[in-house]
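Two complexes follow with chain A in common, the first pairing it with chain B and the second with chain C.
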Partner chain A sequence: MAPTSASAAGRRPFGRGTWRFAGLSVAAASLLLMAVAGLSTPSFLTVGNGLVIVRAASMTGIVAVAMSFVTLSGNLFALSASALGAFLAVVFALVTAAAGLGAGLGAVLVVAVAAGALQGVAVNLTGNPIIATLAFGAVFRGLASVLSGNGVLRINDAAATWIGTARPLGIPTQSWAFVILAALAWLTVRKTSLGRRILLSGANREAAVASGLRVAAVTGTALAILSVGAAIVAVFTVCQFSEARANLFNGYDFDYIAAVLVGGIALRGGQGSPLQAALGAVLIALLENLMLLNGFSAGLRMTIVGAVVVGATSAFHLLQDKT
Partner chain B sequence: MNRLDPRRDLAVRFAFMLLVYAAFALKLPAYYSVAGIASLLDGAFLTGIIALGVGLTMIAGEMDLSVGSMAALAGIVSIKLAAIGIIPAICLTALLAALVGALQGWCIAWLRINSLIFTVGTLIAFRGLALLLSGEQTANIPLDELESIDFLDVHWGFLSPLSLTLFAVALLLGLLATTTIWCREIFAIGGGRAEARAAGVPTRRPIVLAFALSGGLAGLAGAFLSLEAGSATPLGYEAVLLDAVTACLIGGVALQGGRGSVLGILVGLFTLRFLVSGIASLGAPFWAQSLASGALLITLILAEGGYSAWARRRAFSRRLSVDGSRT
Partner chain C sequence: MKTGLATVALGALAVALPWLAGAALAADKGEIVVFVPSSTNPYIGQFEKGAKAKAQELGYSVKAIENNFNQSEQDSQVQQQLASGEKVAGYIWWPFENAAGIGALRALSKSGAPVIVSNQFPLKGTDKFYTAYAGANDILSGKTAAEMLLKACADAKIKCGKGAIIRFPAGVSAGDDRVTGFEEAVKGKLDVISVTPTAGFLEDEGYKVAAQIIPANKGELTWIYTENDSIAGAAAQAARENGLTPGKDILIVGGTCHGDSSHVVNGDLVGTAIQSGYFEGWLAVQTLVKYIDTGKVEPGEVYLPADPDHPPADTGAPHKLNFLPNPAVGNTQAAYDQAKLWGKSIKELCNF
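== the complex of A and B ==
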């Protein structure tokens, strides 16, 4: 990408405290929102509604947590996650219908990793992840249409239905997956060498290259992780409704990105944690749910979410500047 | 990166455009009938107007991702304003959009934030505003006013108000970009922000100007098309960003900023147009269009990225061999 104003300004490095603060402020905002919601909207603080929120947050959250690897590695976002999800959903439905659930899961995983690696090559060559993934998004969506013949693909598999609709201990499988994956992602970033490599590539690319890190491979890995996240959501969705269509997840990219942005991960990479993206997803799900219960129209909801994203991004950005 | 002489570079791209045209004209008689050319030109309006705006922000080393939402919002606004007359409604909407764009540019310059990130937020917000203003429904102009928009549909040979507006905007922008200092600043800050600042180029003004123009042009495209059709949907224009960026990149606008021209963007626009309409007229289904532009964009960025990586490596090894012979 171009010499953006940010890098030209020669910003001072900032400590981990800022990001702890960012995470705390998101958590505080969520609590505040819940308090306001509980007082003003009686139906908000019910177990049923809580499960609705958790389930809504889970599907966005899984991809947002996976997306945070891309952001942390210094590659902003991918705009292809929703289209890739649709493509993987179609692949999963086709293979599952033909060869069973196990084969479907295996095929999705292989295709997801391949798609991530391919996008990694393009992002590395162009240096502009947004444009590269925009192009890949169009291709994935097109491939989903080609493979599905632009129709509805149905699957009929008891195990798949269990994956999609079961509630172990009263909590939907999607939400279990969200919590487990968020914890795994946090462990990966904080405790593994891969996590350190991702953070270093994002924090200072030149230093990463100079210390012999293969930044291109790190970018590819981050995109592959995002693809696996999209694959998990695709599998859950297909299992829940027992069908796949090429227009699945249309327009969801901005939900994923909004969650990462509201979570306050450093957008130049290198600072932050996947848990922030998870929190961001929960915060947005809370906000959406509250607005829905109060009968806000879709337009108003979208405007408010957009305004929150712009506000949060600008605030975190200024915070970085001033510390 | 690409050290080709700009004129030769443009000539190569122009030749490629003619090649694409010729390849399809061989199979499609519509490519050389008056009505066929008229529809090709009209079809280029939306992508063209928006590509000119996005291209300017790309040349400035930034990028306006919110143009599609802006066009949808402008479409709704223009339908609401249709009562004041069609031409005034289009002008007023474009002006309003330019103001919003300028405000967006000012925020980006003042916050020194990455424009990709900021415009992702406004992309969501503008789309929401469009939904809000329209009550989530398609906005239509009243039936008794329908004749008042007929003049937008006339054709003179292969020209129409749509294509004339496109060419007028391109001509005006081309003149502005090559002659005015404000537009030259856009090129300067895209080529090297730190160098431009050191040379005394203000960095805020060109960013505000580039985003005002991209917002205003997106508004113009949305308003014009919505009033021409007599209706606007708040969910429209989602795919236009992809096409606009593709047109810019085919036309030689550098992803890194600093390089590009209005003429180049037009060449890129028609290359894409000839290709996509050609594929559509040969009977490919509707989604094949986005597949084709996506695949084309991937090929382009891979080729450009691969070329510059190769050029870097070659320069490096040449330097090594020079150093080696010296010692």
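== the complex of A and C ==
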């Protein structure tokens, strides 16, 4: 059985006050960081750099928003997201090269949903989302390697290039997708029955089961949503660079999880909103941008982001226990 | 219980069958064990292909032991290999982290089998732990890229001044060496205003950095050096998105030819140079077998000739340091199409 400590802690199922406060905290932290950055780094507070930051947050943010469904459903995280992204990128490139963009998009969507559902079955069988998705990560990376023959798969499609490089109204397509998907995800969680089922499954699994909710199906749906998020990022990446490789997105899982954690979504599920994950991604992108512009070394950048994740997670954990 | 035992037996059989088949097909002269990071990186995949092809040609077999870009894992693999007591013709050692892998290199050297280091140039003080080095010279790679850039500055009549280096992640000694070679060559001629590491070696990681550095220094940057063409192509894309035309407003060079060649032939990059993963693996095996055949290592270093048609001979003793050539290639379709090294075209060597 997946973790159900929410109920053990006796928390209220939805705790809106807490997650609203968490969301506001992230927004306030972002504003504070922007103010500090603006004063210390002249090139920071410009429209161009703002767009750069949103663009930098977009790819991580899309997966983080999708990952938030997994966390909210009480299944912690999926450690397979980066490997799944590479596998889907390879599938997309192979099918697009052979049968065109439409077929590539269709194939990647079908494979993504199937991969999510399969992971859902494994999580429900093992009762451990970390182990199950970690193992699936190895499977996906291995499949990507086998399918690509450890080579670079190139595509040559004008429409695909447009998807990857266009800037409608001066804003990159990836940023449009990020904003739209974050809004859709928020609406799904707050206004639909699926959202309520996800929150209840995460907040109090026993109550969810007792009320006739099919928790296993909710877990599978959350993982399928994550897979679709990974597919979107895979498609954008392949379209931007016109190629796919098995080692794409290596090491990105930490970035996805960090965005969810910094956003303040309850680790044990049931509390929070996909918007918080989106804000978390923007906050980390802000921080990364500031450090990059000031010439921080890679080690120092990694240390600071790691420290922010630890600090934010601890603070939100304390906050939850008090409410 | 019975089901469990049957599962274990089947699993063992599944693992053993390919090994038994491989052993049966092994060539007569012995087995060469190659330690490398994962071949999910296409360059490393090419390295393995080259090593296997050359080994087969010379009558040896290759066992590649890959780690998932993790030095601790590679160290453990070395311990397991040595503990197996297996007799091998020799080892090829491509450490994931050069400095952190010294202990494992020392252990390999104590086995008595010859050890050829490849890809990551050996660190000072480790001479007695390896038989010879065979592979790329990353200082030369950086120098070649700098020379291409300086020539492009002169040809394009662009006043090249301030520029940026986008380099490989910290800890990758090849990245350190390329920066060293580049900076030495441009000293007093160009002004390096920033050296920023990426989180990886591919387009997406390069784009992430370039898309932030270029707008922040717009109006200042006249050139960018990126250590490979994958990142260089991403930097060209980021430059265009910021209203800069590569080759006109800003000069970009990667200097190693793996990546999308369209950025070279369309003039986005000032040129490229052939660094072949296939021939790096090929050369590592050739160097090992030359040592096995002669029992000798000549002191000093040798830069193997960049002959377009003929690879170096298999006879004679290897040197202590054996460097792959790094021939520059111009940024036109004709120059690209004509470029060859050791009988293989640039398309075969770089578009993998």
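Here is the rule we use: the second predicted complex is superposed on the first by the 308 of 323 C-alpha atoms of A that agree within 3 Å, B and C clash if a C-alpha of one lies under 4 Å from a C-alpha of the other, contacts with A are read in each partner's own complex, and residues count from 1 in each chain.
Heads up, the rule we're going with is that contacts are C-beta pairs under 8 Å (C-beta built on N, C-alpha and C of every residue); 3 or more make two chains touch, one makes a residue touch a chain.
Here the structure is a predicted model, which is why all the values come from computation and not from measurement.
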Superposed partners chain B and chain C on chain A - clash or fit: clash
Which of chain B and chain C A:G151 touches, first, second, both or neither: second
Touching partner for A:G299 - first (chain B), second (chain C), both, neither: both
Chain B versus chain C as contact partner of A:F241, first or second or both or neither: second
Chain B versus chain C as contact partner of A:V139, first or second or both or neither: first
Chain B versus chain C, judged by how many residues of chain A each one touches: B
Contacts of A:V63 with chain B and chain C, given as first, second, both or neither: neither
Partner chain(s) touched by A:F77 [first = chain B, second = chain C, both, neither]: first
Which of chain B and chain C A:A37 touches, first, second, both or neither: neither
Partner chain in contact with A:V108 - chain B first, chain C second, else both or neither: neither
Which superposed partner A:L261 touches (first chain B, second chain C, both, neither): first
Residue range of chain B overlapping chain C upon superposition on chain A, of 39-47, 57-65 or 291-299: 39-47
Chain A positions touched by chain B in one structure and by chain C in the second: 141, 145, 150, 246, 251, 297-299
Contact set on chain A toward chain C in their complex: 43, 46, 48-49, 52, 55-56, 59, 141, 144-145, 149-152, 154, 165, 167, 172, 237, 240-243, 245-251, 289, 292-293, 295, 297-299
Chain B residues touching chain A - in the complex, by the definition given at the top: 60-63, 65, 107-109, 111-118, 120-136, 190, 192-194, 197, 203, 207, 234, 238-239, 241-242, 245-246, 249, 255-258, 285, 287-288, 290-295, 297-298, 301-302, 304-306, 309
Chain C to chain A touching residues, read off their complex: 38-42, 44-45, 69, 169-170, 194, 196-197, 199-200, 202-204, 207-209, 211-213, 215-218, 233-234, 237, 241-242, 258, 260, 351-352
Chain B contact footprint on chain A (complex, rising order): 1-6, 8-9, 76-77, 121-122, 124-128, 130-132, 134-139, 141-143, 145-146, 150, 246, 251, 254, 257-258, 261, 267-268, 297-307, 309-310, 313-314, 317-318, 321
